[in-house]
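Shared between the two complexes below is chain A, which has chain B as its partner in the first and chain C in the second.
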Partner chain A sequence: MLESVPEPAVPDVLAPSLIGRNGLMLALLAVALLLPFVVQNFLIFQLTLVLVYAIAIIGLNLLTGFNGQFSLGHSAFYALGAYVAAMLMDKVDFPYPATLPVAGIACFVFGFLFGLPALRLEGVYLALATFALAVATPQILKLSPLEYWTGGVQGIVINKPDAPFGLPLTQDQWLYFFTLFVTVIMTVLAHNLVASRTGRAMMAIRDNPTAARSMGINIALYKSLTFGVSALYTGIAGALGAIVVQFVAPDSFTFLLSITLLVGLVVGGVGWIPGAFFGGAFVLFVPNFAESISKGLSGAVYGVMIILLIFVLPTGASGLVRAALQRLRAHKIQ
Partner chain B sequence: MPARASTSLLSVRDVAVSFGGIVALEGVSFDLEPGLIVGLIGPNGAGKTTLFNCLSRLYTPSSGDILFDDSSILARPPHQIAELGIGRTFQNLALFRNLSVLDNINIGGHCRSRSDYLSDALHLPWTRRAETSLDLRSRRIVSYLGLDGVIERRVGELPFGTQKRVELARALASSPRLLLLDEPACGLNHEEVEALSAIIRQIRADLDVTILVVEHHMGLVMSISDRVIALNFGRKIAEGVPSLVQQDAQVISAYLGMQRT
Partner chain C sequence: MELFLQQTLAGLATGTIYACIALAIVMTYQAIGHLNFAQGEMAMFSTFIAWQLIQWGTPYWIAFLATVAVSFAGGVLIERIVLRPIQHAPVLSHVAVFIGLLAILNSLAGFIWDFNVKPFPTPFGTAPLLGNGFIDAHQAGMIAITLLLLAFLYGFFRFTRVGLAMRAAAHDPVSARLVGIRVGWMTALGWGMAAAIGAIAGMMIAPIVFLEPNMMLGVLLYGFAGAVLGGLSSPVGAVIGGLIVGVVENLAGTFIPVIGGELKFTIALVIIVAVLVMKPQGLLGRPVLHRV
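Our next item is the complex of A and B:
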């Protein structure tokens, strides 16, 4: 009978805002493409790391922001991705771009398997289980039986790749573009995902698991797959990070890295994909800035800055950007 | 046991549920014929919501069986119940509060559409088509229940009565053959209750759905139900047409809090 109800009109309001949004995206992409030609090499390196962090934060956001599962263990996935890439290049001379999918798949499998028992844990208990993973990872990487592959405490040093096809780019510029390319793909995929039936199922589980189950959503399947996909994102970030920094060592991947990603997630906005770029920039630049204010108390200054930010912007950058867009739209209509 | 054709859509057979020694349901049996509106009444703690939770597989009965379309639902995991054709609303609202009205209703249609993780991430043409047709279906339901004005709004910020209606819309989106309504009138004002009884009748007429409704609002139950089942202390104490159940001595004593018989 419902078929006989007249077809409702899809609101027209969406159309211009969609064009506006795409225009904004293209403009931002153009800026991102021009940036490495106008700034210093070291800043290019830092911007590349912002992108790397952004990919990892998107991964965490898919899990925590969209699916409601907490993780303090994403440093472990980042480490796994980084080591897989480093070992492949070091031991079997893998070309660096080919390490990314391998690292991603390895982390997906590991994350999915970790997600299965984690299904029984909720909220703070899941946070504790993932915390254990984060704490164990650097120690496992240092184990002497694994030293042949992991390099033990020393880690692995990687060569910095040159720009291919004789492109007139510095190594830093080339790595920036390579990372930007991967970042754009990963961002678009994440955006597609959260706007789809799968994304709605993920958010339904976050908002009300009982109702989600009654709507026919297979909670175990979506939760464990989301865990895997989240680990995949973070693992690819780890692999890129290893290539960019040219070095992996156990103590780069402590529990503190998990917290860094979590800070980036909250600062950027939980449940908002573009927030990862704000979050990535924050966790990369603000600690340095804090150190420039006070060397001795940089940690405290950083802490105060986080508190101030949360106080002013409780929903992170997402709240600020949304409010700005709303004001812009209201202005246009007038 | 020889297979026998039955005319009932739902058959509840001798169902018992207990929580750590406390008996919530005991020996409850009844049948629902297709196309009926059946009221489920009883004082607080009578076991009405427990029964609903068994029907949607959130609880598993300790004994007895529940047949839907002549096959037991107890062998099915909870997430397959919607696909079988049993939809429900919840007593205290169980909406996805951070999502829009349309998203909530689309999630209601989850079991009637297909996609997978990878195709969704790649935004493949076939998932786009599935998404468009799901969206269209949901928008029809939105119009059907008069929710057009709030379609893009976040559910959590809507008034209570509107949220209840969104929940109803979400349940309809799964194209149920059996619709379980848990206290649909609870918290609604007089006009909203009037409108609700018209909507429930309209849904039955338009959508070919059987409706089981738990309700404390006697005026509503008695006016819309073809049949009423009364529970008290986890047992069925009466079943029949509303006028008869209303006069049943056990029902009256259950509601007036007189001695348990």
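Our next item is the complex of A and C:
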């Protein structure tokens, strides 16, 4: 009985000719670079958060979409990354860009270690263990012996960085470009990882562990490594999120954050890396939209949307894009 | 020693609630093979219905029975409307749908009854039982209700035709269908019963943790810990697991400084991960075998 995640988006349709694809990427990047000069500061801030969520969702996608492991506990890795960054800046005056690699490495180690026992857990059991991790995280962050470092319930407030080199940018614009820079690097790395020998091993384990093992893939190693890399992505997103929001507190990292990331993953499409951007935009803007429909019922509207999505569009944005491309191609052939 | 005994008894009392939630989780797991992450919110919503009925002046026990009936119907409806269409979908879809249900119920309860903490009445009173102060009347009542529930469930599954049909449907759906059991409806029935058990657990724990939309998250986590400890395929194991978790939680909270008090959820996390790693089938569960 092999109950794995939905089939990944078929690459042949989503990967048109190399020039066409690169051209599309460059055009999107150009739009992303121009956006902060035409929209309001608050929208820039929101777009920055979309990118932060997108990095975290890519991390979750590497684990769930490409390796077939579940996690409801990614809020814990996000929290760890955010706290590492905040503590380094608050206590030892680390420059903010330098906190990202430290947060990433800390999360990689933690994720790898958590992934070791998780090796023996499959499907719903792993969801359960990571669920417990997510629920326990805020309590651990509030722990009184750690209060000197974590700030307890109050959390830590961070200063907003100015644009360096005297660039004529507002703080929000600068943070947006900084985040965009990190996002592009992380996306390219994820794309290359999935396309590599390692990525094929990850997908082989997802599709058929027994066959993967008989082909000489070290399942234990790859599974824990994937857990580590996934945590690393989410931790870097957490560190970026802390810098952007300028504040970390235990109650920002509840189970709800894990839900948010999971929803972003499902919306964007499981096993399709660019889907993370659709997912990130969805989890940031749709709750606001839901709140505008009815203030008290925002959670309910959000929940109904999740369920409808699973019913109507189980492949998420990747399915939509694929259908659109297929139609386009059929048009061309005629 | 007296403190130890007192805390153990108090732990057993809260453990009965975890046992009920664990039982509800196991019933759903047996019926559809998935862990219902919305089980806690379903119980919370039922408890709010009971609170509303009591606010309208309904006597406690009538409100109690009405709530159990409404919850049963609600559970069946949720299965029919939300889960039936995705019964063959992958695990991730199920988890996402359960998370959606959780968000809907939580937000709806907050919308209808607001997020303020409300006291919930107990039918047993809070006077110490037998005057020695070891256990109060409400705790004793919780234990009694749970035992009654267990006896009822045992009788239902052991001695009635429907109970037998439900066991058959869970054990081997294809053969059950061939002998004329309507497997789909047995699943819906299992959902209804899980919702009803959850409602009872909610109404019993509400006087202790107070009523608010987020009251069940911790209880659900302990319920999961209990279910995993006892074995997800064994209802009896779930009850024993829930009781053990209740006692461990209470004793750790009393005797281990800092960790016991402030890291209660972490204890549940450690129990879950430790059991899953060392004895994944739990205390009384059947090991899962895969054909390769």
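Simple rule for what comes next: the second predicted complex is superposed on the first by the 313 of 334 C-alpha atoms of A that agree within 3 Å, B and C clash if a C-alpha of one lies under 4 Å from a C-alpha of the other, contacts with A are read in each partner's own complex, and residues count from 1 in each chain.
Heads up, the rule we're going with is that a contact is a pair of C-beta atoms (placed from the backbone, for glycine too) under 8 Å apart; a residue touches a chain by one contact, two chains touch by 3 or more.
It should be emphasised that the depicted structure is a prediction, and the values quoted were computed from it without experimental measurement.
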| item | value |
| --- | --- |
| Touched partner set for A:Leu121, first chain B, second chain C, both or neither | second |
| Contacts of A:Ser298 with chain B and chain C, given as first, second, both or neither | second |
| Winner by number of chain A residues touched, once chain B and chain C are compared | C |
| Touched partner set for A:Thr210, first chain B, second chain C, both or neither | both |
| Touched partner set for A:Val229, first chain B, second chain C, both or neither | first |
| First, second, both or neither for A:Asn218, with chain B first and chain C second | first |
| Which of chain B and chain C A:Ser196 touches, first, second, both or neither | first |
| Those residues of chain A which chain B touches in one complex and chain C touches in the other | 1, 3, 5-6, 210 |
| Partner chain B, residues of chain A touching it in the complex | 1-3, 5-8, 10-11, 189-190, 192-193, 196-201, 203-204, 206-208, 210-219, 225, 229, 271 |
| Touching residues (chain side chain B, partner chain A) in the complex | 56, 58, 77-83, 88, 90, 94-99, 103, 106-108, 110-111, 113, 115-117, 120-123, 127, 130-131, 134, 136-137, 139-144, 148, 151-152, 170, 174, 206-208 |
| Residues of chain A defined as touching chain C within the complex | 1, 3-6, 64, 70, 72, 117, 120-121, 123-125, 127-129, 131-133, 135-136, 139-140, 142-145, 210, 255, 259, 262-263, 266, 270, 294, 296-307, 309-311, 314 |
| Of chain C, residues touching chain A in the complex | 33-35, 37, 82, 85-86, 89-93, 95-97, 99-108, 110-111, 217-218, 221, 224-225, 228, 258, 262-266, 268-269, 272-273, 276-277, 280, 290, 292 |
